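The block underneath contains the structure these notes are about, expressed in structure tokens.
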Amino acid sequence: MGRQVCCISAGYSEHASKRSDVSMPELINEAIQDCLKKVPSVCLDDIDAFANGNMPAFEGINIPELWMTDWMGARCKPLMRVTTGGTTGGTVAICGYYSVAAGIPGIDTVLAIAFEQQSQGDTSLGLASVALGEISILNTLGITYDQLNRLLSAGAAIGVAAYQATTYMSKARITEEDLARVVVQERRNAAKTWWAHLKMPNLTIEDVLDTPYVQYPLRFGMVCPASDGACAMLFTTEEKAKEWADIPVYINGVASVANESAVLGYNGSGSAQLDPSTQLGAMRSAELAYSQAGISFPRKEIDYAELYGPFPNQTLMWSEKLGLFEETTAPKMWEAGVTDLNGELPINCSGGVNATNAIGASAMERPAEAALQIMGKASNQVPKTVHTSIGHGWGGSLNLCTLMVMADQPKRKWR
Amino acid sequence: MVKNNKGIMTEKFIVSNKGMVRAEFSFWVGRYMDKFYDALEKKKLIGNKCPKCGDVFVPPRKICGKCNASIPLEENWVDLPDTGTLMNYTSSPYKVNDRDSRKVKKQQLIGMVKIDNSNTSIVYRLLDMEPEEVKIGMKVKIDWSEETKGDPSDIKGFVKI
Amino acid sequence: MSEKKTYQKTEKKALEYVKKDYIKTRTLPGAWYLSSYTYKFDITHMQPFLKKLKDKKLIGNRCSGCNRIFFPPRLVCGQCLVKPDRWVDIRETANVATYAIAYLKNPDTGEVEEKPMVLVQHDGSNTCCIAQMAPNINVKDMYINMPLKVHWKGERTGGLMDIEYYDVIEDASKDLSSKKE
Amino acid sequence: MEKVGIVGYNQVKLSSDANYGRYEMIFEAVRGAMDKAGLKKKDISTVISCTNDYYDGRTISNCFTVEVGGGYMADETKVEMDGAHAVLYGLMRILSGNHKLAVVWGGSMASCFPYHATRLFETDPTWERQMALVNDVTASGFQMRAYMEKYGISAEEIAKVAVKNRKNSAKNPLALPESQNPNLTVQDVLNSDIYADPVTELMVAQPCDGVAALLLAPEQQALKITDEPVWITGVGWYQDAYYLGDRDLSTIRSMELAGRKAFDIAGIKSPRNEIDVAELFEAYAHEELILAEALGLVEKGKGPTLNTEIGGDLPINPSGGALGGNPPCATGLIRIIEAAKQLRGEANGYQVSGAKRAIASGQIGMCAQNSILYVLEKGGN
């Protein structure tokens, strides 16, 4: 049952705060063309099916795939749309994986596309509408709107992430400098990545700490931007991958685990995630994906990681939760340069979400970059040979988590 | 916010709250459509042609869906006449907008018109026509708005020739 | 926070980065009217809890599958996929599960004010929920696990607003190592 | 394709204004399906939800449904199409060998959102949406006219479909009460208010509130869970061009392709003779005829000649179809459930006798731009 799946290419559009020169279908077309350029022997006709997704409420278009059909080359082809908020990209990539792994006759090569053109809409309002229903019920039950308004004030994502930052900082006993260090490393990396948004080659820790708070403990300089951009990944079977690509990247493990929602909870009934930085969901997804991929010592076996960290505390936290570092030791690793381009375990050499965040696409850019690092085609390529890499994503109200484990050797274990 | 207690039969307490906000969007049209709207503003209709199959699209597109060929921005533009053939029509009392749909007394006639020399149809109102006289295959002509703004409303609708 | 260093010198919000400009094409408008949507919630399971609030009593419900206690009461226990079926009394004391500080402009004065956003876990329950802090609290003094107590409203109507806010009470563990960060 | 078993299902009774909260409705559907199959929460390995952000009025509509949908600490994801597409993803996950039990649920509450306005959000915002002349209402009018013009079909013949489905729905206890009418006549349908000429009010599937859930398991597990599994033996899903002007509206090309693919996988050579019952998602009465023709159940243009009553040549929509209630995001899923009921002999009052093989379809988009078709077969004894 099931079969090996390989990723043979990944492509991006240019990311910027306003891609005012293109409409949304034209934007994703850029990513598809970049993706297909990397595998010259594959053309659009070779693609058997499509997997798509974005966060529709940001752009005011429901099921945009219907309109984009021609621009993707999906006319008279099978297409499926999955979307899960911040993890959309991750779930689209996973959908691409499952489409191939299922072994449905005639579905061998699948193009997965995730995109977002946030400049078209109101991102903070879009994020606020995540919890609008839950907020209205809390209001009915008697919590003042003024109180709830604070949650919305900086956009729901920052709202919930700030809680996480507070608990993480008190647990790991770190200061804001440690957070700023992560930001500096990521944005300097972004300067070497052609498609990234916030390219800051000369950023210093002082610059970051010089900005005011959005919401304690997060400052404006630490928060991810809102970008326009698209990302595409090409999945195919083992046989075809060997024929088409020099280094086929095997997808050995996938997981998209849901925890209960943090902070508000459904129906306004609060959350059992007392400490939002515990992240059982991330730990569970790591457990699932690593066991599929036969990884027992993540720190030793993983050579490269792309983590979904819109806020610096999250990059630190995820690296621990996914088993790359011991609990609360991540900040020291950043300080020691372990996660640098030349380090022992490079993390987020593309600049990460902190530098480029086209929300729907972000979670796909992580596995895409992780795959390109194995192929040796990444824009900011690490000097050492990468054998195994991971791409991670989180979304929702701190409760959805995706993980994809890739390697240059097939290691997938069937349960 | 209204707290209504509907469940007389089941003693259920159902709260229904109204959403309170409005999200605004502004859609970038891209360079192909920008060119098209520039022409529309001058009361001219243009389309572009697929270099492979020769199909002409109104409004213009970057990709021809039939042969997956991409059409360069600078080339293959075609000037089109303001006449066309009615391919299909309907009439409906429902008026739909972003906010809701409402039923109006006067039905509006809507037609799908294939502009001459092009291969796709566009959907607009049929003006100054009685439902009985509308026939599939009849020739129609664009009725331009007096003041053009460079958006789809520059074409008020189609009238019979 | 014992010593919070003040790093900030300027008020600039954005950092400079390498920018690329793109041709600006025209835009067309659209809007999503959430005001024409309704959100339906069933609060039948909340009724006993809301009624008890009037008598200054706190109750939560308990899932017999995993023995977790939910305060405020929940419709479904996600871990067991069943409806919690037993009611338990919850104490008035609580502690800060986690917090963040929002910076909001006061519409009257125009000044940026620091407002705490707190999640409170009641003793005897396994969940936390959003809560209002006492108005006299200094946000700089807050820490995780800070003990709190319910401050009831004079006239209660049977809603979450009956809990006017949470008072800070003396921390018994203050001398222990697990004190504030 | 390996066999995947449907091992349980449940559907909440459809209603035009349900006396339910959103979460309770989802919980009732999922818990009911689990109970009927005799399973526990810890048996769930993956959950596929099907909701739509614009139908629910919130971004990330699956964010708060994790617990009520059974997704806590499970491999959870959301498909934002029709419920039938969500089943497809569940099917893929089972086929990949990673999962042993998939819960698929879908649904929404049409009483809570402006349905037509939300459908308008599907159109091209840089062109058609600005004038709002292309929407689900007018598209249905164009489609019916194109079909009638091309094959010379009369409005009466299409009204007959509406009569048949609404009569059938009267026998289905879970159908929308407003749609149930055992005494409807063709004239009633034709005389009802005009929706989009020539489509009239009673030819339209009315959006309503409802949630449905379905459980999928691989062959071996399915046989352990139930003695009467229903096997999914074929599936096909395709997308057509977007612009109405690019398409031939007198047929549904996406379904032609999907049907060909699904029959190919299931090894069906002559669908007309090998299929016992069909549950098709017809958003409008005329779509049932077009779908039947696109699937090759009857010759092109001869749709009305096929006797599709219960007990006829080939019963289509014995449950009343989408005309018996159309909860957005759940309708396709309910079609699969109804087809499974027919195969298990559980369709009390509208059972097609001796049904061994069934098809069920789903669709999204204007004029069924994206269609999906399943072939289901009776398992066990």
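In order of appearance the chains are A, B, C and D, and numbering begins at 1 in each one.
Assume a contact is a pair of C-beta atoms (placed from the backbone, for glycine too) under 8 Å apart; a residue touches a chain by one contact, two chains touch by 3 or more.
Nothing here was measured: the structure is a model prediction, and the numbers come from that model.
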item: Chain closest to the middle, measuring from C-alpha centroids that were averaged per chain; value: A
item: Label of the chain whose CA centroid is most distant from the centroid of chain A; value: B
item: Distance from chain D to chain C - Cα centre to Cα centre, in angstrom; value: 41
item: Geometric centre distance via CA averages, chain B-chain A, whole Å; value: 36
item: Chain A and chain D: spacing of chain centres that average the CA atoms, whole Å; value: 33
item: Chain B-chain C separation of Cα centroids, rounded to whole Å; value: 47
item: Set of chain B residues in contact with two or more other chains; value: 7, 12, 14-21, 23-31, 33, 65, 98-100, 151-152
item: Touching two or more other chains - residues of chain C; value: 23, 25, 27-28, 30-34, 36-43, 46, 75, 78
item: Touching two or more other chains - residue numbers and ranges from chain A; value: 19-23, 57, 60, 69-70, 75, 120, 126, 129, 132-133, 136-137, 140, 260, 264-267
item: Pairwise touch network: line, ring, star, complete, or other; value: complete
item: For the chain C and chain D complex, residues of the former touching the latter; value: 28, 30, 32-34, 36-43, 75-83
item: Touch list for chain B against partner chain D, complex; value: 6-7, 9-10, 12, 14-16, 19, 25, 27-30, 33, 59, 65, 87-101, 107, 110, 112, 114, 120-125, 131, 136, 151-153
item: Residues of chain C defined as touching chain A within the complex; value: 5, 7-20, 22-25, 27, 30-32, 34, 39, 41-43, 46, 50, 68, 70-75, 78, 97-104, 114-115, 117, 119, 121, 126-130, 132, 139, 143-144, 159-162, 181
item: In the complex, chain A residues that touch chain C; value: 14, 16, 18-23, 57, 60, 120, 129, 132-133, 136-138, 140-144, 147-151, 153-154, 159, 162-167, 169-170, 173, 175-176, 187, 191, 197-201, 203, 206-217, 220-221, 260, 263-276
item: In the complex with chain B, residue positions of chain D that touch it; value: 19-21, 57, 112, 114-117, 119-121, 125-128, 130-135, 137-138, 141-142, 145-146, 149, 193-198, 241, 243-246, 249
